[in-house]
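The structure appears right after this line, and notes come after that.
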Amino acid sequence: MALLLPAGLGLLFLVLPLVGLLARAPWSTLPQRLTEPAVLAALRLSVQSATLATVLCLALGVPLAWLLARVQFPGRRLVRALVTVPLVLPPVVGGVALLLVFGRRGLVGSWLDATFGITLPFTTTAVVLAEAFVAMPFLIIAVEGALRGADTRYEEAAATLGAGRWTTFTHVTLPLVAPGVAAGAVLCWARALGEFGATITFAGNYPGRTQTMPVAVYLALETDLEAAIVLSLILLTVSVVILASLRDRWISG
Amino acid sequence: MSEPAGARLLDAHLVVERGDFRLDLPLTINPGEVVALLGPNGAGKTTALRALAGLLPLSAGHLTLAGREWDHPDRRVWIPTERRPIGVVFQDYLLFPHLTALDNVAFGPRRHGLGRQQARQRAADWLTRMGLAAHARRKPRQLSGGQAQRVALARALAVEPALLLLDEPLAALDAGTRLDTRAQLHRHLAAHTGATLLVTHDPLDALVLADRLVIIEDGHVVQEGDAATITARPRTDYVARLVGLNLYRGRAAGQRVRLSADFGLTTGDRHDGEVFVAFPPSAVALHPRQPDGSPRNTWPATIAGVQRHGDNLRIQLNGPIEVAADVTPAAAAQLRLVPGQRVWAAVKAAETRAYPAG
Amino acid sequence: GDDSSDQPAGGDGVSGQLTVFAAASLTESFTRIGQDFEAAQGVKVIFNFAGSSALATQINEGAPADVFASAAPANMDTVLDAGNGDGEPVTFARNQLVIAVPKGNPDGVTSLSDLTKPDAKVALCAEQVPCGAAAGKALDAAGVALTPVTLERDVKAALAKVRLGEVDAALVYRTDARAATTDVDGIEFPESAEAINDYPIVVLKDAANKAAARAFLEYVRSDTGRNVLTTAGFQVP
Amino acid sequence: MALLLPAGLGLLFLVLPLVGLLARAPWSTLPQRLTEPAVLAALRLSVQSATLATVLCLALGVPLAWLLARVQFPGRRLVRALVTVPLVLPPVVGGVALLLVFGRRGLVGSWLDATFGITLPFTTTAVVLAEAFVAMPFLIIAVEGALRGADTRYEEAAATLGAGRWTTFTHVTLPLVAPGVAAGAVLCWARALGEFGATITFAGNYPGRTQTMPVAVYLALETDLEAAIVLSLILLTVSVVILASLRDRWISG
Amino acid sequence: MSEPAGARLLDAHLVVERGDFRLDLPLTINPGEVVALLGPNGAGKTTALRALAGLLPLSAGHLTLAGREWDHPDRRVWIPTERRPIGVVFQDYLLFPHLTALDNVAFGPRRHGLGRQQARQRAADWLTRMGLAAHARRKPRQLSGGQAQRVALARALAVEPALLLLDEPLAALDAGTRLDTRAQLHRHLAAHTGATLLVTHDPLDALVLADRLVIIEDGHVVQEGDAATITARPRTDYVARLVGLNLYRGRAAGQRVRLSADFGLTTGDRHDGEVFVAFPPSAVALHPRQPDGSPRNTWPATIAGVQRHGDNLRIQLNGPIEVAADVTPAAAAQLRLVPGQRVWAAVKAAETRAYPAG
């Protein structure tokens, strides 16, 4: 089979480095790591904030994807291009940009501070925002692709039955593109979970509050390569287990 | 056509341009009336239906239902599809693949303000009426083609639309189900106080279900009227084939109609000027030699093709005019009717009908 | 959030909590010092470890911090230039370059000039980061022209290349070489004296707890603090 | 419109940080930056290596996506989960993992070195490999989603016309899911273009050979925030221009 | 059925299980023979066709073409779809949306080894034969429903298959095009040396195109034979409706057939034991009062429904037996035939046909 060879090669390319990590990991230290409260706190924070960031991305990104896929408006090309900005921006610069806007001295941040007394940076909210900023394009582009691939005639049929745009969207379009949305959400969640540069810049590195696993890995790298590998493998295992259980349910559902 | 304007429920002049194709169709439908839109493939039937549904905007003209303007490009009036009280059965059903048959039918009533339970109840009633109660929980992919089409029909009817648009609603049904569904549809349409437009290829559907036929070719109306008129007096080849007649155009002088420079027919009616002449294939008799005797139209012809047609055989003939003739298998065997064979065709003047053209 | 509000007062009139922004290379030493300080003074110390440049940006964008300990004077200057320092910074530690080679020194490296052999693969830090600037100065002082295979983003990355066997040698800080003695040997060389990197520390202008901040600064420079730093391989002034 | 509000919010959230950067950028230094040969070299290297990485991902990833979407085999759940590994692995750790496998002393690398005398680290090839490793999951997941959404009955129709799996794949399936593949390729390219951690770890940083724009941005950040912002904006503009011109062509094509 | 086994091109026993539904269909087709598969919606026609095409595996049974086994679960034999020399027209066409009509048709020939130019040439020939030369460069979305179906037909025929499978190939065509396409199809099928299976709902298609009819209901064969036999002697309600007859089952003793405890008919034929009785709706006469005179079958009935049916009206009657009657509009007007009206029905014994059941 002409398709199996490249597929196998691709899989090998993705899996071999993991094998390398597994071979190098100091397994004896694993139990001790797993009981360290700081590691557990970082793990919990990572999963929680990645999930919240995904929810935020779904709430804002799916409508934006719909706008790009279904509504003709002037400047659509520009908007579509702007959506890809956080993809290309080095995450650390993304973090700086977020500071420039939402920081205490920032465009929006100073107003938030003066009006509501809210400061975002260095809070768990900041972690969620940083992750959402970096991960949202993945969701938008995946969902837009799915929307373009979907047959718009079902939406016409819904309109003839009296469904407005909103109902058509929630009752017909979304269920039809559910696999695409699920794929986008997976990408988004995984990207948020692995996010490091923007998070440490915008939210800082406070254990229990803003120290996610990737940030902990970064710090561990400063002192101990093996420790960093073990932490990465813990993060990896957790995410793979969550994704494997979720995705198969979503896809078959 | 001759009703007072006030009786019209639908009053439209649909002009739509789609690439090279241009639809230009004046259309009125009275309350309770069922109009069948017939035409060859690509004539613009689906285009007209989409314009009525608001899925295609008009390029010009207007569209008014019950005095309310739905689409009028000159006045920039436009009511979107979801605010038009319509029901549509699409040519390829378009059942929502993620919903069960029941939820497909309940979708419209829900959107029209019914509660979930009421909507499902109404949907269940409709499915039962369509003989599909047992399939209510199936997804569209698990339905056969004909089952899917009946669900689509139920879905469109369940919103009790003021304008019902049917794009070949019976095409995928088997003969038995078709009869039942046609009867049900007929019953429903008879009770329906709204307007109905039925797009179909099947002349029987049109004759049974419709009060009036509008026939279009290449985007334009070629004939319009009740079934009896159209059946008796087709005006284009398409309509003639639809109703199963041979049709010719010629110049009449009394009973004699000249069809070409060197061929003419004697007809039962007297006219002067441009006329159509029509007669059924069964009126054509075939003879091995030139028949003599009573005054009739006779001409030599060559057999171009033979098909079974019901219990009879339908013979396509070339010659001064192209004509179809129906003969019994016994007669065919006796005449050795094979393609290429030369025969004489004969039609009694009394069996032909002539009527003014233009 | 579980952020603790004011702690009961303890020690010498300082109390509450203290936020210290410190360079990532100080993670181990400062964590130890912080624990001792907490025990001694009853002040809760919260660290934000990250790259010095990121910390400087955060401080200049209004991050709530009391103390800034930088791994390079340049990043300290960024903060001071923006007017965010309170008083003059002090240098609390120094770091010196060594040549890191794989354990056992298989190539027998003894001096900087051994690194110029044609088939030797050497990793340096990029000139934008302190260890790269220091390496440049040292190489100049030795009069050695060296073409590295890579200019790493920080000293840990350069060291990792040695540990994984990708390069034959790298110029790294003595503290880093010492932390990795299981995999690498650190070879001292005389020109490193020309390229010593200073670690400055300062109390910040917007500090919410200036008393505790000053106490922390003093504690870092006390014998206890110096001890921790020396153990890690720093020189202390 | 209930959909326009979140869509607008989402757009604002993505665009505001960019505004922050634009407001802060020292425009006067731009012409000078743009003529620096090092900047141009980094830019060219970034675009080239991201493009090559995308080609590699397409060649290996599309068949793998097809395998996941269309072929039932034991262990498919596991393979699908493994594909997401590089998404979650912090990129620096990914770089370490690549070193452990393809490095001079690595599992495969030592064999490559001994047999062919090839060493990958510190070469442009290493940049492409690092970017491909990090970006491939985006492509695979997007394409798999598109394949699942596509109507398999067209593939049945192709089979009845005598087309085997390979012909069906190239002549029917791929054209049908072209929008999905395009979306995946865009994600993949953008992710590769912005890739920093794995690249600098696996390929190192040498101007003209392995120094991509994100690496240059990172180093600039160490000394000069404004310079880093200008470099980021240059990278951004180039990528947005390329994406905008490509995507609209692909989507309409 | 009675041919020697050696003459069979297709020899199959298709057993497929799909959820609750089970298809169990023995099927043989001789070289050049056209078999029509008829049955109500959901009977399993598409299922059988998919099993033949290799798109569904058999659960049991076997499938052999020209002596080569294609599917035999017991022996673990399985030839995949792409290696079966077949041509399929799907119920919903499935034209490749990204290819032009020409390239859709050229797809099969290309896969069968023709060069690009030759394949396109053959495709162009087929499109021309289908009257679609002008649409060769269109994408499927730009074709009307009927145009798309003709392209699908051309695509299936262009590979010159040994087994041609047609799932309602004419359903979407207009009456005129249908006649032409049917004639073309007939011509092609007559020349075709392979086997053809035609799934259809339209009895006319089946009668014109097929040499033999196989009728299935709920996955099982209920009747099989040539058109004449099936038309004359339907054995289920579905078949009776298909061919337009009233059908009853009863116990015969001579000319008298008892249909229920208290109702019987006198028939033209003599039999003993279980029989079917059939007569056309046109044989039923309606009278306002009980008719007297010549010995005939008469019974009181109530009108349940009236439909137009061609030029006549078809009346559905309740009573001791349910029966359909055709009357002229003139007669209907005279009798005031409205639902609920009570009338007397009469059928001459000579117009009924009885034949053994079971």
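For clarity, chains are labelled A, B, C, D and E in written order, and residue numbers in each chain start from 1.
Note that a residue touches a chain if its C-beta (ideal position, glycine included) is under 8 Å from a C-beta of that chain, and two chains touch if they have at least 3 such contacts.
In UniProt terms, the chains line up like this: B, E = ABC transporter ATP-binding protein.
Nothing here was measured: the structure is a model prediction, and the numbers come from that model.
> Can you give the shortest number of steps from chain A to chain E, where adjacent chains in the path must touch?
2
> Mind naming the chain pair that shares the most C-beta pairs in contact?
Maximum number of inter-chain contact pairs occurs for A-D.
> Based only on mean CA positions, could you tell me how far chain A sits from chain D in angstrom?
Inter-chain centre distance comes to 16 Å.
> Could you please state the distance in Å, as a whole number, between where the Cα atoms of chain D are centred and where those of chain E are centred?
Distance between chain centres, rounded to whole Å: 56 Å.
> Mind checking the centre-to-centre distance between chain C and chain D? Centres are C-alpha means, answer in whole Å.
Centre-to-centre distance between chain C and chain D: 34 Å.
> Got the chain C residues that touch at least 2 other chains?
Residues 54, 57, 160 of chain C touch two or more partner chains.
> In chain A, which residues are in touch with two or more of the other chains?
In chain A, the residues touching two or more other chains are 92, 96, 100, 106, 165, 218, 221, 225.
> What positions in chain E touch 2 or more of the other chains?
Nothing qualifies.
> For this structure, give each pair of chains that are touching.
In this structure, the chains touch in these pairs: A-B, A-C, A-D, B-E, C-D, D-E.
> Taking the complex as given, what residues does chain D use to touch chain E?
Residues 153-154, 156-165, 167-168, 171-172, 175-176, 178.
> Touching residues of chain B toward chain A in the complex: what are they?
53-55, 80-84, 86-88, 90, 94, 96-99, 107-108, 111-112, 155-156, 159, 165
> Can you check the complex and tell me which residues of chain C touch chain D?
Chain C reaches chain D through residues 51, 53-54, 57, 74-75, 78, 121, 123, 126, 128-129, 148-153, 157, 160-161, 164-166.
> If we count contacts the way the header does, which residues on chain E are in touch with chain B in the complex?
19, 38-43, 46, 91-92, 142-147, 150, 168, 171-179, 182-183, 186-187, 201-204, 207-208, 231, 237-238, 241-242, 305, 307-311
> For the complex, give me every residue of chain D touching chain C.
96, 99-100, 103-105, 121-122, 200-201, 204-207, 210-211, 215, 218-223, 225
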